[in-house]
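The structures come next, written out as structure tokens.
Shared between the two complexes below is chain A, which has chain B as its partner in the first and chain C in the second.
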Partner chain A sequence: MRFRGKLVDTACIQHFSRVLGTIAKLCKTCVLRITADKLYFILLEKVVSGGTHTWCEVTQSHFFDEFMLDGLSKEDNEIFLELVPENLLRAMKTAQVAKWIKIKLTKKHTPCLTVEVDLPTAIGLSRNVVHYISVTVLPKRLWSDYEEPEMPEFDVSIALPALKLLRNVVDKMKSMSSYVIISANHNGEMKLLTETEVALVCTYFKDLANPTWKSGLDAHFFRSPHRSNVDKREFFDVKVDCKKLAQFLNVQQLCPSRVICNLNANHLIHVTLLHDDFSLQYFMPAVVS
Partner chain B sequence: MLFVFIIRMNGRWRCWKLPTRMALSTKHADDDSQYVLVAKMDNVRNLANILKAVHFKEIATIFASDLGLKITVEDFKCVQANAFIQSAVFHEYIITEEQITFKINLNVLIECLTIFGTSSLSGVLTSLKMCYKGYGHHLILMLEEDGVLTDCSIKTMEPDEVLDFDFCSTNVVNKIIMKSECLREAFSELDMTSNVLEFLLSPDPPHFRLSTFGNAGRAHSDFPKDSDMIESFHCTSTQVNRYKISLLKPSVKALSISSRVSIRMDNRGFLSLQYMIKNEDGQVCFVEFYCVPDEEEEEEQD
Partner chain C sequence: MNCIIPGKNIKVFARAIHSLAKIGEELYIEPLENGFAFKTVNSSRSAFGLFLFDPRFFDKYHRPSDNETTFQNDENESPRCKIAMSSCLNIFKSVATIEKTVEKCKISLNMKDDRLVFKMYCRHGIVKTHNLAFIECESLKAVFNSDNCENCLIAPSKMLCEAVIHFQNNQEEVTLVVSSEKISFKNYFEEYDSTKQMITEVKLHLDEFNACDIGINTEITFCLKELRAILSFVEVTNLPVKINFDTPGKPMSYLISSEGMLEATFVLATLAGDNCSNSQVPPSARQSTSQNKTRASCSNKNLNGDESILVEWDDMTMAEVEEMSLVEACASRSQCPAAPKPQPVSKRQQKTVSNGRNQSKMHNRLDKTPDSDEDTNSPVIAVQPCINLLAPNIDTDDEEKQNSDVRKEEEEEEDDIIPGTPPSKKFKSLFFGNSQASEASQKAAPVVLAADTDEDD
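Right after this comes the complex of A and B.
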């Protein structure tokens, strides 16, 4: 098994660091799946600690100048590594102005990701910094745990408003209550509602887009069988953990071009962040009240 | 104390009908006649900042009258903060009763007022409409920023009697008005290992002295009366009084956003600190703190 990649462009390095920064904020350990054309960061949280699921897809060719992969075998040309994203992020942080960064899978005493950084100096000499980040290589029998999640069925799909505003609101709600109810309808309206013994707070967003999915998909994913009869104003509610939601909304630093939220009433929310060179899917189960 | 409080809250629940689904539009709000108090403002930060200045306890009592709002917060029955927001600060202020009084959870009120964030950088203003139907009802807040609406409904509580410090201007012995910045500096350098802060006000030098008595020794900050920072100085006799630092500390929030401060002491040694706070629209609001002197000091004087 061999893996080597080289990042050269500063913009790419910084963008890659931002992606890692987001992942590091969401979890302590994650699985990095490396394939010939994509990198995947996969987080599966245990049900007891919230049960969220994150699937982040990065197109390799947008970031790496050189990319070489020899996977497990010819048929399974992939590598699954378990790592602490915070460690990799720390290595990337020292490299914000680097001329290049090489990332390699190496074997020291244990399997390591070696991050080699070439930093410029004022007098033209180069400085090399090498980070060794210990990783665990996952055997093939565990791969199936980390398969791409299926798109869940949903009742309504809505484009989220500016994440910064949303985060402010959720942050305030978080300090009042541990739960927030997210509701949306087919009329481009969304509300966030939280209720405590002392107060009831509800924020309304309107004029949002209801993305349309391909007609074939539509029929498949919409739970409501007679969609034409559905009242456009009917709201579908999902009650979720406010802290988790606030944590997730920190991904605003990625400046995604589109954020779409699918709601499956009383079941889960599925948020998709879309950007040119990466996408992030986030599944958060509903809290049963 | 706590027990009584909970029962009262429970009592109030009975009259609270939970609006499970609020109407998305605020059409119902057009009919303001059902409310005894309707107040609107264009920039909610003008209200939120003043409330934050007196936010050292969870519960506040709000008095509303023709003149505006008064928010009172007390602690240990020894210190009281009053924030005054005169009706002119609101762009619309309608009150149909002579006086309205209720208690409210200040934490929640401030969180609600700042729900869209506190940053003033974005240049977007949050407007507020505040309504109250009368005794036993919730305080309703409607906030709007850039087309996004937030409705809040906050439970109100039975008002308690607030302390009357009986601080009368005719009994004031010493009074100083000064710019806040130098007092702010002096407060930030206070030795927090000291339990008390001693105020000395005198017609003779050192005129105005703040002293602490901490682990590392005593420290004095002197402000001579001819300092540029002192704008008016009316001291008739020498007074030395000690106040618990823990009681004075909450006033630092108000001090930090104020432009002027008036320090007064009456013949019983009660201290009044009045802060003049200019809001973002240049209007002036006041926050005042009353504090009782430390008892030991009084015994010594006797």
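Right after this comes the complex of A and C.
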């Protein structure tokens, strides 16, 4: 098993650090799946600690100038690593102005992801900084746990407003209550509602788009069997953990081009972030009350 | 004693105080013939810092001549005293603005009230006076000769700063690896947990150094915190740092000097021996290593320990327990310093008595202060409304801080008197002793923190 990648462009380095930063904020440990053309950061949270699920796909060629992979075998040309994203982020943080960064899978005492950074110096010499981040290589029998999640059924799909705005609202609600109810309808309306014993706060968003999925898919995914009969103004609610939602909304630093949220009433929310060179899917189960 | 720091040098001085404050909790002050010395040592006695400001650094530098017997010193030496670092740090709190606001700073001794006086002459004719209580003490020295060191590096400050930022803030120790081919910094873990920590190595080009004189290839491990303290000073002054070091276990020194201005010396303990890392793993893990090896490492460690640096007090002062508190002239304070603890009978008895008197004097003065204008040393009072206007919180803040300082010190003293308390870090290499061994035995187990050398036995 061999893996080596080289980042050269400063913009790529910074963008990759931002992706890592987002991942690191969401969880303590994650699984990095490396394939010939993509990197996947997969976070599977235990049900007791919230049960969220994140699937982040990064197109390798958009970031890496050199990329070499010898996977487990010819048929399974992939590597699954378990690592602490925070460590990788720390290594990248002091390397923002680097001439190049090499990321390699190496074997020290334990398997390591070696991050080699070449920094410029005042007198034109290069300064080498090496970080050894120990990782766990996952055996093939565990790979199936980290397969791409299936698109869940949903009642309504809505394009979210600017995440920064949303985050500000949720941050305020966080201090009031630990839960927030997200509701949306087919009329491009969404609301965030939270309540305490003495107050009820609801934020309304309107004129949002209801993306249409491919016609074939539509029929499959929409739970409501007779869409024509459904009142367009009927709201579907999902009650979720406010802290988790606020934590997730930190992804706004990635400036995604499009964010779509699918709601499965009283069951889960599924948020998809789309960007030129990466995509991120986030699943958050509803809180039963 | 009377000296004046000009406005252009006040920032450097403030930086020096800040740097020392990152190491120790007490500031030792000693006016010498060749300059004004400010020293500190950390609580585990594993790091020592000294700034010696040249007389040319000051507008005016006057130290008492021999016939002015300021202290009842045997040899009529210049006054030596220590003050609480936190109170001194308060005076020079804002490094960023101090240069713009302070025109000059006068440091003098008020013999009448036994106070060390920092007088800041600020713009718009504002004068801030800080009267600091002090404890007279003996000279603090690090016994270390940098000439005997095998290795010497002269490094530009910027490079060192850039090298250090790659380590995490919570990183405690780093290892400096030198050979004739390469020089690198590595982070060092007492107990490496691969799931949480990552190993970082910063490789430096030999050409990046101003000079490299490497006698023996070696790896020495020392505290990053103190190195950061040193770098916080050189970062702004941009002075090259001369690093002298030897083999593991022997102290390393950092020298910073600016011709005709100042000279700074820092001495840091290093971890003894590579093998020593064996003795640092928890007992359960150690059992698996061969007994011989452990023993060898221990003896090695002891050897190293005995011949390493020795911060020496010419005369032990640890037993002298006194309250220190920052006394702002304008602060009306009702809280009393704790009574001095019983002292061992020795030739210091006399001093104790005089100290006792000082304290009562302080009470009297404090009681008087709020409404007595006769006190020539508190010009702040004269313009109190104005001061209040300018810095409305100054009184209350300081007072609170004083209280907390005093409380903190009381706690620390209690900590101090537990004999054999190991230093917070296991820098076993260090052995600090009393130069007058016989006297040391008289003092009730002075907390010369060397007891941990045989911790593993």
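Basically, the second predicted complex is superposed on the first by the 289 of 289 C-alpha atoms of A that agree within 3 Å, B and C clash if a C-alpha of one lies under 4 Å from a C-alpha of the other, contacts with A are read in each partner's own complex, and residues count from 1 in each chain.
In this text, a contact is a pair of C-beta atoms (placed from the backbone, for glycine too) under 8 Å apart; a residue touches a chain by one contact, two chains touch by 3 or more.
Computed from a predicted structure; not experimentally measured.
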Examine A:Leu165 and indicate which partner it touches, taking first as chain B and second as chain C; both and neither are also allowed.
-> first
Thinking of the overlay built on chain A, is A:His53 touched by chain B (first), by chain C (second), by both, or by neither?
-> neither
Who does A:Thr121 touch here: chain B (first), chain C (second), both, or neither?
-> second
Touch check for A:Val201: first (chain B), second (chain C), both, or neither?
-> first
Thinking of the overlay built on chain A, is A:Thr110 touched by chain B (first), by chain C (second), by both, or by neither?
-> second
Which holds for A:Ser134: it touches chain B only (first), chain C only (second), both, or neither?
-> second
Touching both chain C and chain B, counted on chain A across the two superposed complexes | none
Give every residue of chain A touching chain B within the complex, in rising order.
-> 161, 164-165, 168-169, 172-173, 175-176, 189, 191, 195-207, 235
Spell out the residues on chain A that touch chain C in their complex, using ranges where they run on.
-> 84, 87, 90-91, 94, 109-110, 119, 121-123, 125-134
Using the touch definition up top, name the residues of chain C that touch chain A in the complex.
-> 158-159, 162-163, 165-166, 168, 194-205, 207-208
Considering the complex alone, what residue numbers of chain B touch chain A?
-> 9, 18-19, 21-22, 24, 105, 107-108, 111-112, 114-117, 138, 145-155
